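Next come two complexes built around chain A: one with chain B, the other with chain C.
Right, the complex of A and B next:
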């Protein structure tokens, strides 16, 4: 496999730290035929808006886009579960020919009547962009007729990348922000943006903030509620994780309402602590600061001894990180360091120049930095760099397993919370469990002398 | 068929679809050819979603390339992208075949893929190119099952070659089955002294071992040579209740090369398996091998052992139409009562097929084509089933009804081993039956105040 040549169009997207001055291509459309791990604009907007649990999410287009995103994400809700349904106009041939507006209108009337959502998001997918349905007009009409705010999300897959989907989602959210009553909101208050409440992570983070004495007005993208979003412009501060997705909304709010922005990551001891301190410092309140110090001290002193036994086994192991956004990769590298591990490959689907520059600063010599990579490249570098662990999502999992190395799911489908201090412990357990599993000893990689490739034995027919 | 119970409301929208989109089926079919690479002509998202979805079921690498439409492409056509995409796939993967399926997008803008491929071949004259198999799969005209069958036909159309009949070679076109099913079928045909050519055969590619080094293309699959020889086989056996015989791959082989095709039910349950064994016996001139007589005997014995626990238990079945028909046939044989048979597919043949394989239950069973999960749920709630049989997507309903879900078909992504579920033959019936019977027993234990430890 080490013989894999990198496609010409891909070379500029790969950087090895130390070999040459930092330079990497990114934020480009994926190379045709490169088997990118990326999704599309629709995916980006669906990800961001998905956790708004009391809204109706209707996907306008043929069935696929809706079917593949039905309840696959781990964004938990403390109340309504409407977001876990998959609604689609399921366009048929005649709709494609004559237009899908009527069908969309009819579908929305019925769904809103039946489910009585707080708001509705209508996602336009590829075909809709082509056949030119006036989704905006239908949404206006539905809003007027039903009184339920119906918001178009322009997420035609081909019109850009996942990032453009984030932007479409922010535009949609922006229609809600500023429409609610902000009375009674404490000056010591924040919004949590860009945390998706995977396995209840938002609740963990929210709990920290509340222990600090900070009011959380809205958790927009994790266990989100329409009414909270309507009034979230009353908060004193926006705290943005997953900057790729939510910076835009935060910026809009800054311009319109003067709400400052803090970037945060909730993964790993260092980043988690820093996030809380940053918020406390900004709010500039003695009690909050004291509470924060106590909280961090308590949590860290509880956590560190628990990590010790995992660290012992993991020391010196090598990891590869491939995440959706690049900011998260930074936290991963730090978390892995906490566990005594070294990151030998770091990459993301959607990072920008600045992200990658920081990634490479933080990395050791020889680390491979990848933008928008594909299975062949990943496999090649995993082999070359002798990684023991891959951190990624479902699509990356079989690459690791086939090669006989551990895997940690850090995507939106995971069922284990990895954020916060308790998340760090979960992370350590999971990484430890997979890296030290005895199953790798049985894998082909280590048994090749004894068992040559036997797959032919099972093959059908003869070859003559 | 009793009149459908009134469902509270009609919805124009599909709510939780009981189907997937057409290119997914095509990608699955293409995955059954050795060295083949599926390629979606359209935008990136579709291929990534389909990959993700298939990986969650098969838990194997699943590379699907895309021509990656951008805004320009959608306006000016995908000719340039497909050329670059194919060249990159060839350079990166060295495939023996590229299976090109269109997405809704490229279909709607009216890309002439045939012409693009023609141009591509011209540009690369004199080079050894992989076979390029193209199938049109606009998703707004069918389901993943449609895409699957159309792709199989396209493969046969491109790869099968004429020639003198080779004795003992039998084509087997099994339909959307699991890798375990495919392995089982190959063994059976081989045990009759025949040489099976299975199309597709993803039994290794989508359920393989670990590797000592990364393979760009997973090993296994119907070889190109085998596919070529399908035109020279002695016979074709094509499974499927609801496929369109007139346009099937088996019919194509018959028309083009004179290979006689037997259209048969998917061999689920005793009667349909018997039909397969009879056919193989007839083609090979050999009796049914003793080992299968033994398995059949054990299966029937187990039916008898457990018949009281399953009799008249009410079952809701859902999934691909062929799977629904096959499972229904098997369950009716043991006295289970399918009360609702449902699918997102729309072949218009579901009812007729069920009446053909399970006439004894068909009159008391609701049969619904083209439904989604919310409709299935509404009907199911009124029918008070004891058991659900279908893919993972029925879990929500099973939980709500507090009944077991026996997982079959695709997708199974909340359990390990979706690829190893055996549905066909005596062995498939055995494992399915045992799991149904045990599921029902477990429910009895669960519901009992006493907590029986002995049945």
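Right, the complex of A and C next:
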């Protein structure tokens, strides 16, 4: 790793397993001037609340914040599609000088009358925080006048990182929790927290729980509904997947309603099975446990033979994982192992000490662990570690391709579900497709002298 | 389709609201323009989110890495100002990423705080953070003014403000500046090709060809080969003339260059379509002694030939268009020349001049056209219009796909952003050859539709 030029301030964010005792810096602001892959508070709250499909999501700010978050999440809804519209107060210079409160009020009156949403989330952006619009007061007034609960989301971009946006989202959600009727909820019930129904994944998970005989009260927020969230405090258990975004809400509910929390991951055979067994064990019901055993056995026995053909080609290939949260990276490493692959780089944008400690425990010697990396650093490590695959998000994709290696999106732009047992099969297919793609052989010809390399290949072809 | 069932055909006058915008904000335009300088790292002076969104959107559109750094504002920076962040950022950038130019643009946050970028950049020089021979340029791009197109214009003008130098009163007769406007890298390449064919030495800026359509080499280059170099940008002051393509995106830079270095400017429409390309070639003739090579005349002739072959399919077809003002003016002209009828023309970018320019292009012959600009000229509005009276074709960016699906009207993707198709970064729509490609796309849409909808007995082999 010495051949990589690393910025002094970044050194502490990079760890090579085995080289030195584990100690990684994380949960810090990116160094100013770095080409960080991170986003802002607004982004964090927006992506978390976004999938609530029957709520109005209004962005109070200049047009960009609304335009860039318009229908980018692929969070599917089984019913209303209101969340996919882009509503903005489109602040102009004079609004910045005189304040945007009137405009926001007017916009909300028009929107609520037209769409009659179940609730409305009003996101404050950087500029709103700066000019000091009293968004909270306007929300109170609108709630009183329209009867539609209008919730401010304090998501001024500069107030921290994406993670602080998760917290703003949890605070907003907490206003809904506890306001609905919990009659008729089964004692064998859970909430699914921190799954966003990318490519229908929440449906897959919900189906498993229902097959186990467990009632799912609310899915927060994938395919989310306001009324479900209002009554989710009636559930017996909170099952949290994306811990970064949803632990705070679960903790609030634990303190207020005594609902225990289980952490889960739905990616890969091991983690998926464990999640279901953990829930069954907690609910401590014989039928549920039996159903769970049957479900896992059926699904795994169906899945494993289907994985074989992919595994054959993927054995020994090397992967790099760079995800938003670090918990997901753990599942990725296990899933890649299931496919016979080795993870050589593992990193995240927002992991904490505990996450990274577990990540390095799970990793092989020599694995590079990265916090809040930048493209230059990432590209260098990908080359040094001779990765065949990068798992990441939209900004990482073209970097992998330019280097001539495979890529798998494990963020918003996924078009196929990767969660659950069927998701594992999709994952295997996708990884297989990209890692073994013939295009990388063509790309490799580029590495040196493309023309002499081509003619050499042709000669070899002639001889055989 | 459930997604758009909310859209009704009654057009409700809105005062305070933009729904599904037909524009975005200034900084992304500044970032795109800055990527058209060789070895330049754009820098976003504000919160991390802005930079992240702009890079993601550019990456999605161009399918390329879009590099940019950020000042990573915190709550402290928004209270005490972003000077410390920018100083640290410049130090970091030059020591780690080693660009030749850092192009700083502001965001609504840093703009409202009132950070003085040139003063901070000077302080960075004084502290030794900016190595010898490297430069920091800047422009102001608050998100609550203009749109992405004005951001592009501001950064392009900054290139003139910072670099253009006049070394002598005598201008170089065969050297001209081309400001291509916000078009695809392929269009910039096509424009450069035409200038070269006209035997002129062109300096094109910004120039994203080679940067955002870089080849795959199995190596990662933070700074691909393309882009206008500092030397080229400096030399613009000695050119015989400037051709600014598109008054909104390119006009301000051309004007600045005229004032600063007395380089006479010609502001033209973007050379999209036949007549706009004619105007471009005619203007180039002023600088090359009046010669048009036979090959260019032949290209024009091929375009006219193609149009004549298929003119029956263009005749009278109605179109709804949305996007950037400079693009819309040239597209509208071309559609009128193809005997088609633009019906709704929408841009979120504010500016009354657009209405006048579109009016000139439409002339007296084309009636019943609704043209709207500004905050409430958005995708909801255009959809409401279409619901009232439909059109045969949609031309605009990817966001039109919902309307296309909901109303079953073919969509030709053109403009920015295109998030769900490829090719736009490689295949130009500028120039005569680009116009041929536009024709192909339009015809494909109509003829595919006709083949799909034709009853068995009238389904035919030839068309």
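Throughout what follows, the second predicted complex is superposed on the first by the 442 of 464 C-alpha atoms of A that agree within 3 Å, B and C clash if a C-alpha of one lies under 4 Å from a C-alpha of the other, contacts with A are read in each partner's own complex, and residues count from 1 in each chain.
Rule of thumb we're sticking to: a residue touches a chain if its C-beta (ideal position, glycine included) is under 8 Å from a C-beta of that chain, and two chains touch if they have at least 3 such contacts.
Keep in mind it's a predicted model, so treat the numbers as computed, not measured.
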*Answer with first, second, both or neither: which of chain B and chain C does A:241 touch in the superposed model?*
neither
Who does A:82 touch here: chain B (first), chain C (second), both, or neither?
second
Applying the touch criterion given at the start, work out whether A:352 contacts chain B, chain C, both or neither, answering first, second, both or neither. neither
*For A:291, is the partner it touches chain B (first), chain C (second), both, or none of the two (neither)?*
neither
| task | Applying the touch criterion given at the start, work out whether A:37 contacts chain B, chain C, both or neither, answering first, second, both or neither. | result | both
Shared chain A footprint, chain B vs chain C, residue numbers 5, 7, 9, 29-43, 61-70, 85-93, 95-96, 103, 106-107, 110-111, 114, 126-127, 129-131, 157-160, 375-376, 379, 383, 394-395, 397-399, 401-404, 443-444, 447
As the complex stands, chain A meets chain C at residues 5, 7, 9, 29-43, 61-70, 79-82, 84-93, 95-96, 102-104, 106-107, 110-111, 114-115, 126-127, 129-131, 157-162, 375-376, 379, 383, 394-395, 397-399, 401-404, 443-444, 446-447
In the complex, the residues of chain B that touch chain A are 9-17, 19-21, 23-24, 39, 42-53, 55-56, 59-71, 73-74, 81-82, 84-89, 91-93, 103-105, 108-109, 138-141, 169, 183, 186, 190, 195-198, 201, 203-204, 208-216, 219-220, 222-223, 225-226, 393, 396
Within their complex, chain A touches chain B through residues 1, 4-5, 7, 9, 29-43, 58, 61-72, 85-93, 95-96, 103, 106-108, 110-111, 114, 126-127, 129-131, 157-160, 374-376, 379-380, 382-383, 393-395, 397-399, 401-404, 443-445, 447-448, 453-455, 458-463
Note: in the complex, chain C contacts chain A through residues 2-3, 5-6, 12, 14-21, 23-28, 41, 43, 46-57, 59-60, 63-75, 77-78, 85-86, 88-93, 95-97, 107-109, 112-113, 142-145, 147, 214-222, 348, 375, 399
